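First chain written, first letter: the chains are A, B, C and D, and each begins at residue 1.
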Amino acid sequence: MLHLSCHTGGRPIWSDALCAFLADDFNKEMQCVGAANGQYALDKIIEESVIAGINAAKLSGNENHDFSSNVNKELDILKPKVETYLASKAQAIFHIPHAKATFMAPKQFVDFQLDVTAAGIELAVAEGFESIEHVKRYTALGFGTDQGKISNINGMAIVAKKLKQSIAETGTTIFRPNYTPVTFDAIAGRNVNSFFDVERYTPLHREHIKLGALFEDVGQWKRPWYYPDDNETMNEAVARECLAVRSGVGLLDASTLGKIDIQGKDAREFLNRVYTNAWSKLPVGRCRYGLMCGEDGMVFDDGVTACLAENHFIMTTTTGGAAHVYQWLEIWHQTEWPELDVYFTTVTDQWATMTISGPKARFLLAKMTDIDLNPESFKFMDWREADVVGVPSRIFRISFTGEQSYEINVPANYAVVVWEKLLEYGQEFELTPYGTGTMHVLRAEKGFIIVGQDTDGSVTPADLNMGWAVAKNKPFSFIGQRGMNREDCLREDRKQLVGLKTKHPNQVLPEGAQIILQPNQPIPMKMVGHVTSSYFSAALGHSIAMAVVKNGINKLGDSVYLPLDNGETVEANICSPIFYDPEGAKQNV
Amino acid sequence: MFLIHCPICNEPRSEDEFHCAGEGHIQRPLDPMATSDKEWGDYLFFRSNPRGTYRELWQHTIGCRKYFYIKRNTETYQIYKTYKLDDKSERVALDKEHSNKNKFGDLL
Amino acid sequence: MKKYSAFSLFKHGLNHHQDWQRVWRNPTPKKHYDIIIVGGGGHGLATAYYLAKEFGITNVAVIEKGYLGGGNTARNTTIVRSNYLWDESSHLYEHSLKLWESLSQELNYNVMFSQRGVLNLGHTLQDMRDIQRRVNANRLNGIDGEILDPQQIKEIVPYMDCSANRRYPVLGASWQPRGGVARHDAVAWGFARGASELGVDLIQQCQVTGFEIKNGMVTGVKTDSYGLISAAKVGCVVAGNSGVVASMAGLRLPIESHPLQAFVSEPIKPILDTVVMSNHVHGYISQSDKGDLVIGSGIDHYNGYGQRGSYPIIEHAVAAILELFPNFSRVRMNRQWGGIVDTCPDACPIISKTPIKNLYFNCGWGTGGFKATPGSGHVFAASLAKDEMHELAKPFSLDRFYHGSLIDEHGAAGVAH
Amino acid sequence: MKQINRVRQNRSSKDFACSRIDFSQPIHFSFNGKEYTGVLGDTIASALLANGIDVVGRSFKYGRPRGIVTAGSDEPNAILQLGNCEATQVPNVRATQQLIFEGLECHSTSGWPSTRFHLMGIFGALFARFLPPGFYYKTFMAPAKWWKYYEKWIRKGAGLGRSPNRADEDIYEVINQHADVLIVGAGAAGLSAALGASRMGARVILADEQNEFGGSLLSSNIKINDRCTRDWIDAVVAELINYESQGQLLLLKHATVNGYHDHNFLTIHERCTDHLKDKAAQNEVRQRYHRVRAKQVILATGALERPLVFANNDLPGCMLASAISTYINRYQVIPGNTLVVMTANDSGYIAAIDWHNAGRRVAAVVDTRKSHASELSKQVKALGITIIYQSAVIEARRKRLNSRVCSAVIMSMDSTGDAVKGVKKLFCVTL
């Protein structure tokens, strides 16, 4: 029974003497004993097996034991007297001929479960299915739940006889796991239902549940999606949350963003190489947005990195990209630039991030900390160390909403305290917690991209009209620089990120809608792009959309058409993707 | 499932702890901007992909997180050895193999 | 060639099936062919068939190192669909799907192409955006597709758990009714029978060991059993071996060969009438006409030619199927196996001339090869016959890896690469 | 119903010293809706045979009645649906591997309207000749759009058992193990190897798919040190348990080593409660999967008997010789009245001896080989059993469409074993 010995590539060898297959010596760490090794006499089996056991023990590092010291000499059960008889030689016969030719005789079954008969196998061979694999596949021989345990050799023998060749020449089909069928759930074990994949929660997860949040799956994370009031639909809740941020102040749990602590005297140089923009001159106390590309020049992550000290930075990544970015930094440092003195460690779980955003954000923050919040000294894109309600914090004045905005980072264990205080002090400003639904709308109003939604791995910084984030004169060729200068990446008519405004201000385009230039063209239509993000902007009172359109940056103002799946074709105009506060005044206030 | 000896941890560990990062010993051009599209494409995408001996870059992701090389057989799955990134001996062996092979390399 | 039909079956039955014709001839190879196809899998046999049938080139040999259809054709999960994202690939796969729809009749061989529909599930908001984008693109390209909500999915797959309390609840799906499954071996046998009948020589158990190349031009192949066989053109269709065969010509390809595993349950009574695929939880499943649940998993992350893969991949695929179908908990896995898929960086194939004149490659289909069998064979045959790449094949040339015009189909490929 | 094929003797009786069943504990179960009684230690197969059940299923393509052929994991026919509520349905359980427990419910997986009277059987008998292998590739092509209707019809015949359509509430577990030596199979070879390795101080895992250690010794009447095999097994297992108590050894019963993966990574499927109940108790693990990394592996998996292929060899009543010995010696079940044995080696003689000693008639031993005077053949002759040399059973016959085998057509063969001549006919009920 050699099923198992074949699973990793062993091929059994036919023994004419034994009328059976024996294992080959493919695997040096495996041996067969007893009948599986062609040994049928009981006393020999016991003797041979004991020796095999001793040898295996030695080979696995137990060579120092003395076998006999463990044996009760009086009664060695491994050397028993067994009545044996001399077996006479077996005959290699498989298929008993019938008085009639096989095709005329009553059915002679080879594989019972699938009703494969000797006549069927002979017919298959006659039709030209001569390889044993062909026979197996044509007749279904050995396909049953017993995997041909009692049928395979007979089948091979019949094929061999028909083709006038030996069983060894005919060969076997390949045994695959499993030896006998295995219950699905036994294989999955406990990794089912809620344990199918790890669920990651921010330190504030229970607070979100208390506030009635619904959650969105982002990677393994559960992120608050929106916080509906009684009977509110998602659209209503998001509209309310959006307006609250634009007119008052909102609160977002941004703890899921990846955070990587980078230190070392070459940290700047390292950032220069992995980001497309320049980092040499970023002063301590300042933050900068960066784009990360692959060697092919395509954007794969973005985020803000702050300079904590001359040789110390903290990098943020997208929620879904955190693990990948961390690995990316490691591989480049270890394999290509081991000479750079730089160290990094992921601190995503160590810090909780609460973002307060909106025109009243500073008033709220002022109640929680004593540091100088004067916008002249704590400017947009600055960060400060601070004591926030007694908790040591880092406050980043950065904005993904376009409003005055502070990201308060606190050690994860203090997150709940700070959150509770924020809600308490926030009451007078009607502080409104908001989720990813609202965050998406607010950033789209500002034309900020979400990597993975507005990009798909085929978008360069230039396609995003973000050439400003690509340094032209860095001494070292940063990752992606060569890739984004390949012939195809320099074409003018690449798909580029633009905004779309529908003719009817209330019409929200479906995300994923395809864009054409000429309506009424026959199928297949010539598609020039698609909608990547699309929402109704409560603040602006009309719908907004981001899209990629071929040569879109040069087509501002042009009409495009979107044939929807309900049959309707919607007209829209290409515009700048920055819909709200294009001067960026509000975030600077 | 492989049993891999991590040369940094100096211990045999199960495959689940590791992640493969593709072919090893691929040289990044020293001055990428000076390469032609063809040279850059070769570096970026074209791989030796042999049936037989192969040197691969792996990371001990649930462990020391260090990258290292595995020299193994892609057909039998036998692992010949694992070695650290700064071990240059295989690099030399590889160059020899290449110089024997790439007769038509310049046609591409 | 005697035609197959219910009547012929009846007639032979009366005669106890004594005198069925051979399905294909077993010829000794000639010294020279107009075209040699290296690789007797589905794609290679289809290429040979269309060369003879559509382009009248019958002095053709298919050289196969093992048995016909014994590579990935024999080892896949048999899914056929055309709902790819980008124009280039969706046109190619749709071309193939159209050929599938009449293939049994074309070949007079029932390949059991069953258009039972293919569901691609979405589990996150981003999945749903991607599904919207893809279905919209498909529709405007003339490919059938719909977006279904969980309620509609439930009607098609009653035993799938579409409730909101799963770890990754089903939010929706794309649905291609014309997609389905086919009997994989029959496809190879049908093309082989057709090609052989039209005069193509099918040479089995013959391994190509090298190419004869003169002045940058291929003039023949070297084989282990028959020595040198010369040819005016050589087309290589050797999935799972592309890198190895290319290296015989001194070429490198942008390809890595990985094990891709699949497994079947024991046969059970019909319970799943459609194909269900999920990128996010990472598994896909259909039920064969024999009753086995046929389940596919993701590819191994390392290169391998072993036709077996890494065990954790199987564990994950089983868990993924139970995430979708908790009721399959006590169903049992019968057999698992692995194929070798040649993956390209952009999850799209290469159908291309090479720097060596008259040497063509058709490879890199990754996990999408089976569904493309007739289409791939057809466009490759046209390209070989006319010495100019077929319109549909042009975007899939090797040049794209230099210019950067990649066709990123990772999202639609169904299996994470 | 009475267990008509059960040999009612106690363990103390000399002939059944190896029996592993316990008459004092009757167990009730149902098969195809009918109640039956077996005893503790029975598999479904042995209990059904004891109750005289011949037909346990229908064949997939031709609808022919099928009976139990083997006594182990190689069983192709006795494939049953198990479970007494929706969530605990298990498709395709081998009757030869599943122990009975109180309240077990099982059904044949094929047969309509019933397993005994099956319409497909009549259809199969009439049309079988028009269904050669691969027939579906050659037809159902016209008209093209009818394929979906053809396919619906084909699909109706698909599958053996059915999937549950409710989620399972039981718990399953995966556990990682490390071993110096993993031994697959706990028959004479496996047990000996385990002792050898354990006495050397190695960390050993010994896994066997059966409910008891001993492998084929459990079904054998052979004497070790003049005592029955059970005594030897008990002595070895006692020593092994001693090693287990020291944490050096892991003994796994009901545990099949299923997959052998690269670098000596193997998986073991242990069925913890399947032999005891339908549904595990709360917090109890129903099945456990062991992921084992072993430095050394010893395969002591034994050998499988290979049946001989002859006409109508699928009739209920045709069984493997080794299975007959197992049912007699281990379960005290004699699956029939009169036996004809066909063999190409010596093992068939053992079955004949066992059958005879159990008190029923052996019509003949048909040996395909030339006449010889092996020790076993002498023993058989001494019991008065006819041996027919250089002959074979070329065909099994039955009386009615759905009945079991009732006679065997025996012909002598030429020396090559390729042709037959002469006719001789014998009657029997088990072959």
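General remarks:
Heads up, the rule we're going with is that contacts are C-beta pairs under 8 Å (C-beta built on N, C-alpha and C of every residue); 3 or more make two chains touch, one makes a residue touch a chain.
Every value quoted in this text rests on a predicted model; they were computed, and no experiment measured them.
Taking the definition of touch as given, a chain qualifies here only if it contacts chain C and chain D alike; those chains are A, B.
Our note on geometry: chain B versus chain D, Cα centroid distance of 50 Å, whole angstroms.
Inter-chain centre distance (chain A to chain D, centres taken as mean C-alpha positions): 45 Å.
Chain centres here are Cα averages; for chain B and chain C they lie 29 Å apart. In this assembly, the C-alpha centroid of chain A lies 25 Å from the C-alpha centroid of chain C.
The set of chain C residues touching two or more other chains comprises 16-17, 20, 189, 266-267, 290, 306, 308, 311, 315, 326, 328-332, 336, 402-404.
In chain A, the residues touching two or more other chains are 7-9, 123, 127, 138, 140, 145, 177-178, 181-183, 185, 187-189, 191, 296, 483, 486-487. Each of the following residues of chain B touches two or more other chains: 1-2, 19, 37, 40-41, 44, 76-77.
Chain contact topology: the protein chains form a complete graph, every chain touching every other one.
Residues of chain D touching chain C in their complex: 83, 88-92, 129-130, 132, 135-142, 144, 147-148, 151, 154-156, 158-168, 170, 172, 174, 259, 261-262, 265, 267, 291. On chain A, the positions that touch chain C within their shared complex are 7-9, 103-104, 119, 123, 126-131, 133-134, 137-138, 140, 143, 145, 147, 174, 176-178, 181-185, 187-189, 191-197, 199, 216-218, 296-297, 452-453, 456-458, 483, 486-489, 510-514, 516, 523-525, 527, 530, 532, 563-565.
Touching chain A in their complex are the following residues of chain D: 59-62, 64, 66, 69-70, 73-77, 79, 90, 92, 94, 97, 128, 132-134, 160, 168, 170-174, 180-181, 183-185, 187-202, 204, 209, 216, 222-226, 232, 235-236, 239, 256-262, 264, 266-267, 269, 287-289, 294-314, 320, 342, 344-346, 368-369, 372, 374-377, 392-395, 411, 413, 417-420, 423.
For chain B in complex with chain D, the touching residues are 1-3, 14, 77, 79.
Chain C makes touch with chain D in their complex at residues 4-6, 8-10, 12-14, 16-17, 20, 102, 104-105, 108-115, 159, 161, 183, 186, 189-190, 266-271, 287-291, 306, 308, 311, 315, 326-332, 336.
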